[in-house]
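The next part holds the structures, each set out as structure tokens.
Shared chain: subunit A. Partners: subunit B in the first complex, subunit C in the second.
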Partner chain A sequence: MKNAPLLKIEDLRTYFYSKSKQAFIRSVDGVSLEIARGETLGVVGESGSGKSITALSVMGLVGGGPGVISGKIGFKTEKTRKNLLQDLDDHVKLAWDNGKIMGVDKDVVGWEKNAGRVMSGVRGKEIAMIFQNPKASLNPFTTVGSQITEAIQLHTDIKDPLQARERAIHWLSRVKIDTPRLRIDNYPYGLSGGMCQRAMIAMALACEPSLLIADEPTTGLDATIQSKITDLLAELKSELGVTTMLISHDISVISRLSDSVAVMYGGTVVEYGPARDILASTLESKHPYTSALLESIPTERHIKAKEHLRAIEGDVLDTVNIPAGCRFYARCNRVTDTIREKCERHEPDLREISPGHRARCWLYFD
Partner chain B sequence: MPKTILEVTDLKKHFKHRKGLFSSFSEQERTIPAVDGVSFYLKENETVGLVGESGCGKTTIGRTILRLENPTSGRILFDGNDITAMPADQLRPLRGQMQMIFQDLDAALNPKMRIRDILKEAITVHHQASDEEVDRRIVELLEQVNLKKSKLSNFPHELSGGEKRRVGVARVLSVGARFIVADEPTSALDVSIQAQVVNLLRDLQQRLGLSYLFISHDLRVVELISHKVAVMYLGKIVEMGLSERIAHAPRHPYTHILWSSLVEKQSKEASRCTTRPHSGVWGVFDFERPQGGCRFAPRCPVYESKGKPVVCVDSASEPRLRDIGNGHQVACHFPL
Partner chain C sequence: MKNYTQISGEIGDLSGLPFWKKADAVDIAYVSYGLLIVTLVVVSYILGAFNLLPRDPQDIDLELMMAPPGTVGHLLGTDYMGRDMLSRLIVGIQAYFLPGFLAIAIALTFGTVLGVLAGYRGGRFETAITYFTNLVDSFPRLVLILLVIAAFKPDIYYIMIVVGLTNVPVVASLIKGKIQFLKQKNFIEADMALGLPTRTIILKHILWHNCRSLLIIQATLGMGEAILMETSLSYLGFGVQEPTPSWGNMVQVGANYFMQGKFWPSTAPALAILFTILGFHLLGDGLNNILEGKRNR
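Moving on, here comes the complex of A and B:
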């Protein structure tokens, strides 16, 4: 029996307007995802595929216009149940043309006011986020301890400074920072990259959120530190059962931590399903993009034979000029003559190809 | 028998710690030994991978070999010429043959120049060439690095990461480089693009007979591209040998931990066992040299399990690189 989803994103669209190109950058273009309670959802894809913008949209932290323009984000815990994009439609007018959004009229001020109201009590408290660059996300002018304490006082019932400090020390030791009692008074520059990331995780978890969004938590760290942070996340997952949305382009991290995986390309989800199906080494029933992505990682076989890696030719999709057909068509190496026309002209839907496993590819349906 | 193109002997690079006004009266001058006695050689058509954590001196080695930094002591032989203290005017003709691919894609290309001008500048800096010659050479270079001609009139910010990397490689080739220091050429790229760059570098090596010093902390890529691998820890090489031996039969505890961290990250089974040896030791990483003896001792599991033998921390006996057969060298008192 599957748990009821904690977070349910439906048809989320986040666009940005590029003045120089006089066009929309369709960063997130109709993404639907679900995260069940206690589950870890891994989101993979190349840079520019819309992973981070999806996460920021959930957090209500998208800067720049027009930002989030349509969709629903259902968030349901024991205590609360709300749509994080409530009343969005009242603030946005979309002009459709030929199935594409060509014009957006958004009341930004009104929407921000509304979003602020909806998100208060959710952001930071119910949904916490770990950002990619830990050193840049911590305030360099105050100690790590005071930053964690501030979050605790703001979001939990603990208001007493000393108690909050004890709580912060507890969480620092929880994320395995040695001698937390001394480290709590360190400034971020006094901590190594790995320790900063641990402090960030401590800060995110200190308010006991229902959902943790980890955006590239291991990128930019050393190999040894990366594996330690991955260990830590795995441990926290098994001990605390934190529901996590894990964004990474490191497939080894995703494969280790995730229960289900969503593969994103050009602002859409191209494959979605249980981690073991999607990341399995067999090639059958997989989106061509996913298999190409998996094959471009050096493996034992490549190293032994010193053979060439199979690179995906071409570049990440330009989300300004989205082609009419399949978004991956230009780089796809599995187009057959029978489906070529469809691939070129029509975008496939995300459809189920085996129970619980969905893909957006003409190879699997007619 | 391929010729040795580069030979580095006991190279040291110590940076002086900048002093404040007041402490300059009282304290002794502090130096930071970024590279502390490194020796290795590189043959033609060969790739040596250099791995280690950030801060261990990988990039400094690369920069010092190319004389972008002046070495504190030691000797650098490039193609038979001693370039350790060669004056700039004599070094200039050699510069074209030894080049660097820089880590930061965006900082390496001038944002205000078009790609055509970036390449043109590189072509004409060492040789005089007419416009037609330059154009011909640019086309040739683009073909070599597999970049579209239409990109020539673009500015760097209009290119993707992979394309910027290709421009960097083209620029290095344009001056006729034979020896290239590739400093983390794939670290900022996605796996799919990373594969393109790795393939490109290997193709170029086969076609043009280049030699690489490949600096990276991505162990898989290093293992794939390198013939030999040197593992660095705090300014010293602790193990060096053929890449498959380093990866599959490491003898130094540090190398072992590095490569096993890779396996751990991948295996799902590992996540189930929560207790892991030496996880506590890992948090502390001091860039300054510990007390004496083996640099790795404070984090070393072997040192722990052998009951902290005195020889490991004795300042008189720092382990030296010794040969243990087949060109495999290790600096450890108790190799695994």
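Moving on, here comes the complex of A and C:
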């Protein structure tokens, strides 16, 4: 029996209006995801497939600029229950001409105010986020400790500075930073990339959020540190049971931590289901994109046979001119003659191909 | 076998030390000199304000015109009307102290507000503010000041308001640039994701933690600039008007006697200007190095 979902994204569309192209860049184009309490959802895909924008949309951080969001993001805990995208549409006016969008009039201030109102009490407190490039995510001119303490004082009942400091030290040791009592007074430049990421994790977890969004937490770290951070996340997951949305293009990280996996391509989810089904090494019943991604991971077999690694041909989908048919059609190597026409003309929907396992591919539809 | 002696105590971690122990000797010297000058300026201001002077600066003594430095009762000599140079130097700071602060306050306040709006908000704000700052920047400052003097009166406060306003674009563009640079690093986004209120992000994380060195430098430069501007205007005869002493008009009047070998009426205020401006600049420089600059080395 599955838990009730903590976060339920329904048909999320995040578009950016490009003035020069007079068109929308459809970064996220109809994504529906669910994260149950205590579960880790891995979101995997190439750069530019809309993973990070999905996360930022959840955080309400697609603020400035010509971003337009529609859809519904339901967020439900014991205490709160809200749609994180409530009323955002009121602040955007679209100018239509002959079915083409000619302009976007966005009330940026009102939009941000609205996002701020809806997200207050959620950002940081209920949903925390870890970013890629941890060194840049910490304020370089103040100590790590003061940043964690600030978050603790803001979001938890601990208001006393000394107690908050003790709490910060506790969390720093929890994320396995050695000598946390010394490190808490370090500036970010004095910490290595891995330690900065640990500090970021400590800062995110210190307010005991219901949901943790980890946006490529291991990117930009070297390989040994990557695996250590992955270990840490796995450990925290088993100890604290944090609900996590893990975004990465590194399938090994995803496979270690995720309970369920969503594979994204060109702003849509192309395959979604339990991790063991999707990341299993067999080719059976898998979206061609997923299998191509899995094949591009170096394995022992590749190394022994001195084979070339298989890269996916072509480029990531141009999200301005989206083709009528399947988004992956141009790069797909498993198109058969019987379905070729369907692939070219019609976009498949996300259909269940085995219990709990959904894919967006004509191969599996009869 | 060799014996290695164990050095006791912790190694390498400077972060626990108070900041003055981490600083370079040069910076300490800069700041000490700067603080000395600031103290002198403040003391002179107070002395002048409460009229605690060796002599009355307006007291004309026709018996003792152009007395050289060291004359009994006149440590720095007297000027062409026999007025005491030292007293006039001390009172002269009155012309700069409050007006200078006014100029700095105007430049920093408006500059910061506009800079934050342009850098943090971006979009139309940035375009509008850039046009405005370019407009202000394109006016020759001296001409603007002369216009204001012509329209109102040659008052040091009017002059300093103009000096402050014309410094607004400088501060605004510095702050704007800094914020745009900071926005590329994503800790601001991380702060937002943490749910910090915008007020905290701007005031604490951006301005206090990342822009204070910039503001300190601008403040100290601004004081030096205020003094220099008054001096230039005095030389044109538009500064503080005689008989009220200012260092600028003392130099201007004294310069007429320089070629006759009577150097002190102009040299004393000129040196005062030189050392004061130097003091403010070095103070800003040293403070910046001590508080911020060396951190990333």
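The criterion applied here is as follows: the second predicted complex is superposed on the first by the 339 of 366 C-alpha atoms of A that agree within 3 Å, B and C clash if a C-alpha of one lies under 4 Å from a C-alpha of the other, contacts with A are read in each partner's own complex, and residues count from 1 in each chain.
In this section, a residue touches a chain if its C-beta (ideal position, glycine included) is under 8 Å from a C-beta of that chain, and two chains touch if they have at least 3 such contacts.
Remember, it's a predicted structure, so these values are computed and weren't measured experimentally.
Asker: Look at where subunit B and subunit C land on subunit A after superposing the complexes, then choose clash or fit.
Answerer: With subunit A as the common anchor, subunit B and subunit C both fit in the superposed model.
Asker: I'd like to know which partner A:231 touches here: subunit B for first, subunit C for second, both or neither.
Answerer: first
Asker: Answer with first, second, both or neither: which of subunit B and subunit C does A:78 touch in the superposed model?
Answerer: After superposition on chain A, A:78 lies in contact with neither partner.
Asker: Determine, under the contact definition given at the top, whether A:47 touches first (subunit B), second (subunit C), both, or neither.
Answerer: Once the two structures are laid over each other on A, A:47 reaches subunit B alone.
Asker: Give one of first, second, both or neither to describe whether A:200 is in contact with subunit B, with subunit C, with both, or with none.
Answerer: A:200 sits against subunit C, while subunit B stays out of touch.
Asker: Once chain A of both complexes is superposed, is A:157 in touch with subunit B (first), subunit C (second), both, or neither?
Answerer: neither
Asker: Touching A:136 in the superposition: subunit B (first), subunit C (second), both, neither?
Answerer: After superposition on chain A, A:136 lies in contact with subunit C alone.
Asker: Classify the contacts of A:185 with the two partner chains as first (subunit B alone), second (subunit C alone), both, or neither.
Answerer: The answer is second: A:185 touches subunit C but not subunit B.
Asker: Shortest C-alpha to C-alpha distance from subunit B to subunit C once the two structures are superposed, in angstrom?
Answerer: 6
Asker: For subunit A, what residues appear in both contact lists, the one with subunit B and the one with subunit C?
Answerer: none
Asker: Note which residues of subunit A are touching subunit B in the complex, please.
Answerer: Answer in residue numbers: 46-47, 176-178, 192-195, 222-228, 230-231, 234-235, 238, 249, 251-253, 255-257, 292-293, 296-298, 302-304, 306, 308-313, 315-316.
Asker: Okay, in this complex, where on subunit A does subunit C touch?
Answerer: 59, 61, 64, 108, 116, 119-125, 128-129, 131, 133, 136-143, 150-151, 154-155, 182, 185-187, 189-190, 200, 203-204
Asker: Show me the residue ranges of subunit C that touch subunit A in the complex, using the header's touch definition.
Answerer: By the definition above, subunit C touches subunit A via 13, 15-16, 121-123, 185-187, 189-196, 198, 200, 205, 209-210, 292, 295-296.
Asker: Per the contact definition, I'd like the list of subunit B residues that touch subunit A in the complex.
Answerer: Per the touch definition, subunit B meets subunit A at residues 53-54, 160-163, 190-196, 198-199, 202, 217-221, 223-224, 244, 247, 257-258, 261-262, 264-268, 270-272, 274, 276, 279-280, 282-285.
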